[in-house]
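Shared chain: subunit A. Partners: subunit B in the first complex, subunit C in the second.
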Partner chain A sequence: MNIIVADHRQSIRQRVSLSLRKYTAVLRVSVANNLAYIMEVVFRTIFLVVFIYVFEQLWKTTFAVRGITALDGFDINTMIWYLAATETLALSLPQLTRLVDEEVRSGQLAYLLGRPCSYVLYHFAQYLGERLVRLVLNSAVAFTIALIFVGPPPFTWMGLLAWPLVVFLAASIEYVVYFSIGLLAFWTEETTPFFLIVNRLALVLGGVLAPLEVLPQPIRGIALLLPFSAILYGPARTLVHFQLLPFCWLLLQQVITIAIGSLLLFALYRMATRQVNINGG
Partner chain B sequence: MFVLTSFVRALRFIAAYAMANIQSAMEYRISFWVKVFTMVANDSLWLFFWWTYFQQFPVVHGWQNTDVVIIWAVSACGFGISVGFFGNASKLATMIMNGGLDAYLGMPRNVLLHACISASDPTAWGDIIFALGAFLLFLHPNPLLFGLFLLLSLAGGLIFTSFIVIFCSLAFFLGNTEGLAQQLLGALVTFSTYPMYIFNGAVRVLLFTILPAGFISFVPLQLLHQFTWPLLAAMAGFTLLIVLVATGIFQLGLRRYESGNLLGMQG
Partner chain C sequence: MPIIEVEGLEKTFKTRDREAGLAGSLRSFIAPRYRERRAVKHISFSLEAGEVLAFIGPNGAGKSTTIKMLTGILYPSGGKATVLGLAPWRERRKLAFRIASIYGQKSQLWYHLPPQDTFDLLARIYELDLAEYRKRRDFLIEVFDIADYIRTPARKLSLGERMRCELAAALMHKPSVVFLDEPTIGLDVIAKQRIRELIGQLNVEEGVTIFLTSHDAGDIEQVCRRAIVINHGEIILDTPVAKMKRDYLKVKTVDLLLEEPAATLLKTDEKSGEQRLSIQLPFSIHEELLVTEGIQIMKARGHGLKLEIDTSRCPLEPIIAAVMQHCHILDMTIADPPMEKIIARIYGEQTQHENG
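Then we have the complex of A and B:
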């Protein structure tokens, strides 16, 4: 009996290990693909530079005109580093919804379903690879600009260590959300409008344009409860203003969001794949 | 008289294409209206951000909420006119690279105008509806002021279109510049939708020359607040200048154009 259980455990371990190696390989290929077209990624950073410059000017002028040195705990240095962190994240999002939408409409999905890997996890590994390249480049550009504009960052070691974890979880939430929107192509003529609305809500209520502390009540309270704050505001605040209790609350919020989102995603995926007809020939 | 007749013919030509583009988009009626509604919601979310900003800081450098509504309305309407009527302008660089201009070279109409108006983005109508709605709702303008707003938005639309034509036409000389043109257009839209008081020195000069966001939103804002003929003349003069520069660069580049022998069909 013990031998059978041990064999079973070893078999599960082997399968998990093989699976991990498979998706790691997909991730590596995705990183290599994106590095091959690095100039395209570099081009996109022009927009990042413009955004950070505009916000730096906006908040510097606002602080100067109002004669204040800090706003809800954010002085100008923390504010600009916060905005650099949120812009880095927001502008590193790959065009996931469009990719899934096109695969559904063109029928490309049928080819991918036949491969010995999960369609959802295959895309997750590919998405992580692309996101990683964009994040690294965006961080380098945004942090250099912030350094030039307002000097050294207010980061603590705790914030720096926690940041990769909360960024990974935030990227996972975005994957779940935007992949689900892409799957809506099975039922709707267009998925871009859904993407646009969710994306803009994330920009405004997720704290990309300003920290959520700037929003008036009760909008601030609502925004803090929504998952958008766990994607952008939370990770950026962890980096520039690390506090243990908000960090633990953020982790909990991210894990719950991923769990609920994944359940919805897989339910949607099951419903969608039931509609796929593959005719061999 | 000849100039006037040509102008009227060009207007009728643009209107005919705009109508055909709308009819084409309306083939997918639900999709069309969802896109339009989405764009209205998208623009409204940006105004919401500014509303929250001015809740905290009611007046900054003399600017208040209604000023941001004006710059957003005039920029969105201008952008909507550009993308709604001259929607193919952003694809000029690709057309130049892959020989896509062949289809227009054999036609009796002006090549640049024909290429620009032959496609449209339905979301543009969302921008236009948002702009008109926001301006009427928050500013309660009299008919004269509303007429001036439409005129300035039209000028803004021509500036947006000329700007993208200039950078796409660089493809005749430098290779594919579509990515560069899109990034710069994004920067132009961004600068047009923020209050001018936050920019100083060299950047402000840049915003009235190479990246003419000042003429898209700031000058119209001044005119709508306090109308003066010299400022209107400056606005009209700059619009004419940028249209001429765009046409000139395109015509100059067209001499270097090499056909791709691309087989295509033009409806």
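Then we have the complex of A and C:
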């Protein structure tokens, strides 16, 4: 009996290890694929420079006009570093919905469905590879600009250590959301409107331009409860304003969002693959 | 024991009807109307290990739908199928380790990366032992003669080079069955020939079962030993390729571009008033001969001449040799009849058979 259980465990360990190697290989190839056209990615960061410059001027004027040095606990230095952190993340989102939508419509998904791997996890690894390249580049540019404009960051060691974890979880939430929207291509003729609605809501209610603290009530309360705050506001606040309790709350919010989102995604995926209607056949 | 068994397989797609005009669009939005299209209608066949099957038919006949059901990508609406003893749509992942599929119009290579990177990735996806993978990769690189391209980004490869890399990638995990969906589509004559040779070699040397769909009659003639013809989702013919060639692929279209006007090779038949080819065949003792047997003049305009030659009644080589004796050929294309024509003939003969 013990031998059977041990063998079973060994087999599970082997399967997990093989799967891990499989998706790590996809991630590696995806990184290499994105590095192949690195100059295009670099050019995209120009927008980041313009954006941070405009908002730095805007916030400086706001602070000067109102004669204040801080707004809801955010001084000009923290505000600009917060902006650099949210923009780093917001502008690193790959065109995931469009990719899945095109794969469904063109029938390209036939290749991936016919392989001994999960279509959802394969894309997750590919998405992470693309996002990693963009995040590294964006953060290098945004943080350099912020350093030049407003001086050294207000980061603490705890904030710096916690940031990669919450950024990974935020990217996972976005994957679940945008991949699910892409899967709607199985039923709808156009997924872009769904993407635009969710993406704009995430930008407005997710606190991309300013921390949610500056929003009036009850919008602030609602925004804090919605999953969008766990994508941009939460990770950026963890970096510039680390506090243990909000950090734990954020982790819980992110994990719950991913768990519920994944359940919905896999249910949607299951329904979709049962009614695949591939073009060209 | 058959490697593929299909029994009463069916697939029905539901498509939304769109009415024309603004009012029609609004009506479609408020009360959408759906139409059912039976892409595959109750088909049955089996395939033995090592067979090379051509699964042919015109566009929209149901070829790709059948392949996608046999590879587990599509769920059928009815019927049964097993591939290597597995139910494809229920055991897709298990089956994926033992089969490969190549779609001529799609690519599995990473666009910005050299094929080598895709090969390495596939080794991980198919859970191959790395030492064995390297041996296999080197073997396939040699067989497919792709050593010069495997470090070139896929986007910079020609279609023919890319297709050879696609084939090598699909065979990395030593599949027992290979499904090829239009593997030569868009390729030039030389690239097509090379791909056909490689598919044949693969079958002979590795004993791989080949299931090939195409609407290029050349693929079938040169690669396959058995052909199943499908039209409107139904199997209309299941026969050895040798018999099919004899019965339906005997007519070739020869398109010539001549240095002299095409009229110099033609004369009008006094009895029928029709234009005939006037050449001296190499085996003929006559100075000139009005060739009528098995040759039809399809088009003769300026320097261009298009002939339809029934090779069972009139072999190609002597005709071309005789034309060359009369005038200089600037360009020449020999083509098989289009699939639609072959199918029309099959239907014609079946109707005759039923009536007679």
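Just so we're on the same page, the second predicted complex is superposed on the first by the 276 of 281 C-alpha atoms of A that agree within 3 Å, B and C clash if a C-alpha of one lies under 4 Å from a C-alpha of the other, contacts with A are read in each partner's own complex, and residues count from 1 in each chain.
The criterion applied here is as follows: a contact is a pair of C-beta atoms (placed from the backbone, for glycine too) under 8 Å apart; a residue touches a chain by one contact, two chains touch by 3 or more.
In this text the structure is predicted, and so the values were computed from the model without any measurement.
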Touching partner for A:210 - first (subunit B), second (subunit C), both, neither: first
Touching partner for A:115 - first (subunit B), second (subunit C), both, neither: second
Partner chain(s) touched by A:179 [first = subunit B, second = subunit C, both, neither]: neither
Which of subunit B and subunit C A:228 touches, first, second, both or neither: neither
Subunit B versus subunit C as contact partner of A:107, first or second or both or neither: second
Contacts of A:26 with subunit B and subunit C, given as first, second, both or neither: second
Which of subunit B and subunit C A:149 touches, first, second, both or neither: neither
Subunit B versus subunit C as contact partner of A:36, first or second or both or neither: second
Subunit B versus subunit C as contact partner of A:74, first or second or both or neither: neither
Set of subunit A residues, in rising order, touched by both subunit B and subunit C: none
Sites on subunit A touched by subunit B in the complex: 40, 43-44, 46-47, 50-51, 54, 57-58, 60-62, 65-66, 71, 189-190, 192-193, 196-197, 200-201, 203-204, 209-210, 214-216, 219
Subunit A to subunit C touching residues, read off their complex: 18, 21-22, 24-26, 29, 32-33, 36-37, 106-108, 110-111, 113-117, 273-278, 280-281
Interface residues, subunit B side, partner subunit A - complex: 28, 30-31, 34-35, 37-39, 41-42, 45-46, 48-49, 52-53, 55-57, 60-61, 179-180, 183-184, 186-187, 190-191, 194-195, 197-199, 203
Footprint of subunit A on subunit C - complex, ascending: 13, 39, 62-65, 67-68, 71-75, 92-94, 96-97, 99, 101, 103, 105-106, 108, 110-113, 117-118, 120-121, 124-127, 153, 181
